[in-house]
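The structures come next, written out as structure tokens.
Below are two complexes that have chain A in common, paired first with chain B and then with chain C.
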Partner chain A sequence: MSIVTQSIAAADREARYLSLGELQAIKDFFATGQHRLQIAMILTEKESYIVDHASLRFWERCRVTPSNSGIPRFRASCMRDQAWYLRLVTYAIVADDVEPIRVIGTKGARTMYDSLGVPIQNVIECMRCLKEVSIDLLSIEDGQSVAPYFDYLIQGLQS
Partner chain B sequence: MQDAITSLINTSDVQGRYLDDSGLERLTAYFHSGELRARSALSISANANTLVTQAVAKSLMYTDITAPGGNMYTCRRYAACIRDMDYFLRYATYAMLAGDVSILDERILNGLRETYNSLGVPISATIRAVQSLKEVTADLVGADAGKEMGRYFDHICAGLS
Partner chain C sequence: MTVHTGSGSPVVQPQQFQTLPMRLIAHAEQHDRALSQTELKGLLAFFTSGLKRSQIAETIAQHSTEIVTAGAERIFFGGTAIAYLDPPANREHLPGYAPFPKPVEAAKERLKVQSTIRSNYLKEAVRFVQVQFEDREPLPNGFRPIPIWRYGEVRMRRSMRDLGWFLRYVTYAIVAGDSSIVTVNVRGLRGVIPEDVTEATVIAIQDMKWKALSYFKTDSEAQELIRQEFDQLVAEYIVQKPTVRVRQGVSNEQQGLQLPESYALSATIRQKFVMKPNLSVTEQNSVVKAAYRQVFERDITHEYGVALSELESRWKEGQLSTKEFIRQLGKSRSYRKLFYEPFTISRIVELSVRHFLGRGIYSIGEFQSYFEIITNKGFAALVDALIDSTEYADYFGEETVPYLRGLGQEAQECRNWGAQHELFKFSASVHKAPQFLTVFGHYQQTLPNQHPYGVGHDLLETQFGAVFPKPEWKHLGQVGEFNPNHRRILIDTNNNPLEHWAKIPGANHLKVLKLNPIVHSQATVNGSIAVNAVIEGVYQQLFGRQIYAEQRSHLAEAKLKSGEIAVKELVRQVAKSKVFRQIYWEELYVTKAIEAIHRRILGRPTQTRQEIAQYYDTCARRGFYALIDQLVDSHEYTQAFGQDTVPYERSITPQGYQMRVQGRAGSLPQLHESAGNPVNGSRVADGTWMKAIVQNHSMNGKANVDRPQIELLIVPEVEIVQPESMEV
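Up next is the complex of A and B:
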């Protein structure tokens, strides 16, 4: 849900139109929208660079992990999941809301990785690498605005 | 309930894709129209009662429907009609802000035709009234915003017929 849908839902619960303050917040959201799209575009275009470099960094830090055990399928899965989570982060940036990460990405993730025998701490370390490599590609300001989404993802995997 | 952004995210996610160029273009257009959307929502909410009164005067008030035997005869039914028009206007405004019709389907149209049929509310007169609401709203908010609002009023009509 973006702030637009959230405000509409809140107004609808009280059967009223949106207040001036709500509309002002929505206007600000619209005004910053183009810039959020640009950030998402950068991450989208650099997906393979980000995933490649994050993987290398991850395997340096976690040498003993399924994706670094020489089994091509595990390695491919690890990289696929990174791309998958990066995609969710771009959704969240565009919507300016963590819901896509939560609903699509972190709900049940822990259970899934446990059942696959992938150590969750390693997944989390991998996401930290993904965050670092992504943020290095952005300006300091944009990096700061994007970091909370990665942090939310990392938090969500921990719980 | 979705808006232009979340609906694009949901369709992209099902296919496991990043937001593509055409989607990004649509979102850019949506963000650019934000000022207009917020401004029209504000003026519609300030004039909601007048708009409904005007629309009813234009389409229903002087027809057989308000005469004895008509479906708007008795104040209770008249009031119910006004209330529904209020709903249509409010939800069309929500949908315009969201840039997406899903809220209309979920909160208004789902089962509405069946309800109206069982209550004997004439669908054609309702559609006529919604079309009038569309016209008076466009007069208030101007051509561009009026056209966008028209999309959602038309969606209500399509859902009723």
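Up next is the complex of A and C:
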């Protein structure tokens, strides 16, 4: 739930108008909105670049992994998943909340990878590469604001 | 079919309304793509208008009383309508409280409450006429304002409250940038609010809009935002009561169900994809992608390259209907490889029902019919059967791409939920084990032998108030549907239950003592022996041992001996004695005290938290003696022991049994080596230790061993009662 949803739900539960404190938080959310959109747009535009470079970096670090075994299907799946997770991160940046990552992305992901026979540690390493490549593209402050979403994703996959 | 268990249900938290970012993200996610340029532009506009939106919300909240007054005084006359608006609850000392500065006039006005006196009727009328001539929209012809004195106080209060709520939801919608919160809360109200005030309500809303706009006279952008939400409010209000969504019934096992519109509205909106020849290329492509996502669960074009391009183009050109395309997908090599070869037949059936009908399997009967098709005629026949079914035709017809019919799409049955929700997840295709079949299997099994916390309601060993102990074993994902009155029995009827009870350590005083009052009243030598045995039994039960002579309640004993009081009364007196109070009350905290006293007096452990909770009140308000009275006077006591029986231990739990075995290891039969020692509780949970007991001790393997109701003769006065029939 984004801050807007949260405040409205809280206010509605108590049958009152949004309080000044809540409105202030919402104003902050709006004020940073444009900037967050820009970050999301950069990541979306550079998606293929990020995924390509992250994959290379990943295969350098993790030589023995299904996607590096020369089977094109595994390779394609790996890159598809990276693009998919990157997209979830952009959703989360736009919403300023980790809920999209949690609900769509990490719930049950571990079980899924386990049963597909993909070592979860490799997936996590792959996400780290994705994070590093993405952050390299952004300015230092932007990188700092984006990093927590990747960290949340990585933690979610670990648990 | 009788349903014994449910299959678990997820925590469902329906999203009750949406915000613009959330709506766009959900939409993009459903299309499996990043946010598009138009969506980004929309978001940008939303963010830039954000400051304005919050300011509007702030201003409206500040002037809420005036705005509601403006609406009310247009439709009511003959009194001060606003006096009926309940002030908001005082939240001054609660967290997050930051009051809006109140306009002074409104506060004054509230003081002149309830001035519905006819004498100033003329003044009111003049005021009413004045109001009508402000720069508002004219009243519709034939509208008659509602006189307050005739409308009644209750209805007035309700009306004013509703007007206030309408305004509040408008401010929410303005901040959220999406009017779904108004829609969810207002649509269908017309059926609830009496029809004769529909027109008046709409007029009041229009006037509230007018008043709200008057605070932003110079700001056209803000006016636009406000107008939009108010218009939406009116539009939602005047629609007729929405009809419920109906799920068609097919048979007794698949009955028709209704889903109220408000539930459907509050769910995330899911787009349905329909292929038509005149669609643009991008639209056609999104429909194609939707079809792949439905049948293959993910976008497989990346993964496998284009294998179905010819079919696809024929579909786009209109040579092939959507139904036929879906059929071809189902019979394709890729589908076979993905969803046929890696799975067992049962799971194949489950997955294909998801892919082609967009739902889970309803019942075992349905499963069996599909299973028969696939075993007799093969997989292609199953695909045909699903796609040619009337259900497919009813829901998807020729042109619509099948979609998942989950929560919010249509009413869901209150069964198989766990499996159904698993099936709709992205990860469904990695579960190899058939889930529905497992659930159906559980329906027919006897109750699972599981630990009560979280799943069942077996009797508990004294927990000392630790209501949620750390689970030491994993629960199965199914819930046993049984209440505190159920007992689980592992059947081993060949043996005499009494014998088993005798083997339980600490329960070797096998005598159930009942004083026969008639014989007893004729004071004989034998009689006094009997009475002494009964008295000792009472002490044994209440303290677990004999107590010192000076601690005994001599007065009560004498009364029992003289026949003045019954055994029940003796129990009460002894339980209220100083020594009992000291041992079981003064030294313990309240939960532990309740648990211990309950076991002593009623002869069984407390069952659930609810059961303990009802005693908390007694303890807190009326204290120890009232608790004793409550237990002794309880219906259960009377039923189990009546007036003349000494309370006895009626039930033992697995944990209790375990503790006793451990405590007296030397003197009692040991478990067989292979049976092991269920110290950590895991073997208690899965029931293996109980089986071991059945084998090694030929003990009746009940999960909770209830004591057989049998009376032992010790002296002539003690009655023999026929044993009750055993529950098996």
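Worth pointing out:
Rule of thumb we're sticking to: the second predicted complex is superposed on the first by the 159 of 159 C-alpha atoms of A that agree within 3 Å, B and C clash if a C-alpha of one lies under 4 Å from a C-alpha of the other, contacts with A are read in each partner's own complex, and residues count from 1 in each chain.
Everything that follows uses one rule, which is that a residue touches a chain if its C-beta (ideal position, glycine included) is under 8 Å from a C-beta of that chain, and two chains touch if they have at least 3 such contacts.
All values reported here derive from a predicted model rather than from experimental measurement.
Partners chain B and chain C clash in the overlay (superposition on chain A). Once chain A of one complex is fitted onto chain A of the other, the partner contacts of A:109 are limited to chain C, with no touch recorded for chain B.
Touch criterion met: A:21 reaches chain C, while chain B stays clear of it.
In the superposition on chain A, A:41 makes contact with both chain B and chain C. Touch criterion met: A:11 reaches chain B and chain C at once. When the two structures are aligned on the shared chain, A:70 is found in touch with neither chain B nor chain C. Residue by residue along chain A, chain B and chain C are tallied for touches, and C comes out ahead.
When the two complexes are superposed via chain A, 239-247 is the only one of 5-13, 113-121, 131-139 or 239-247 in chain C with C-alpha atoms clashing against chain B. Residues 2, 4-5, 8-9, 11-12, 15, 17-18, 20, 23, 26-27, 29-31, 33-34, 37, 40-41, 44, 47, 87, 90-91, 94-95, 100, 104 of chain A touch chain B in one complex and chain C in the other. Chain A contributes residues 2, 4-5, 7-12, 14-23, 26-27, 29-31, 33-34, 37, 40-41, 44, 47, 73, 76-77, 80, 87, 90-91, 94-95, 100, 104, 108-109, 111-112, 115-116 to its touches with chain C in the complex. Contact residues of chain C toward chain A in the complex are 16-17, 19, 21-22, 24-25, 28-29, 33-35, 40, 43-44, 46-51, 53-54, 57-58, 60-61, 64, 88-89, 91, 96-98, 100, 165, 168, 171-172, 175-176, 181, 299, 302-304, 425-427, 430-432. Those residues of chain B whose C-beta lies close enough to touch chain A in the complex are 1-3, 5-6, 9, 12-13, 16-19, 24, 27-28, 30-35, 37-38, 41-42, 44-45, 48, 90, 93-94, 97-98, 103, 107. On the chain A side of its complex with chain B, the touching residues are 1-2, 4-5, 8-9, 11-12, 15, 17-18, 20, 23-24, 26-27, 29-31, 33-34, 37, 40-41, 44, 47, 84, 87-88, 90-91, 94-95, 99-100, 104.
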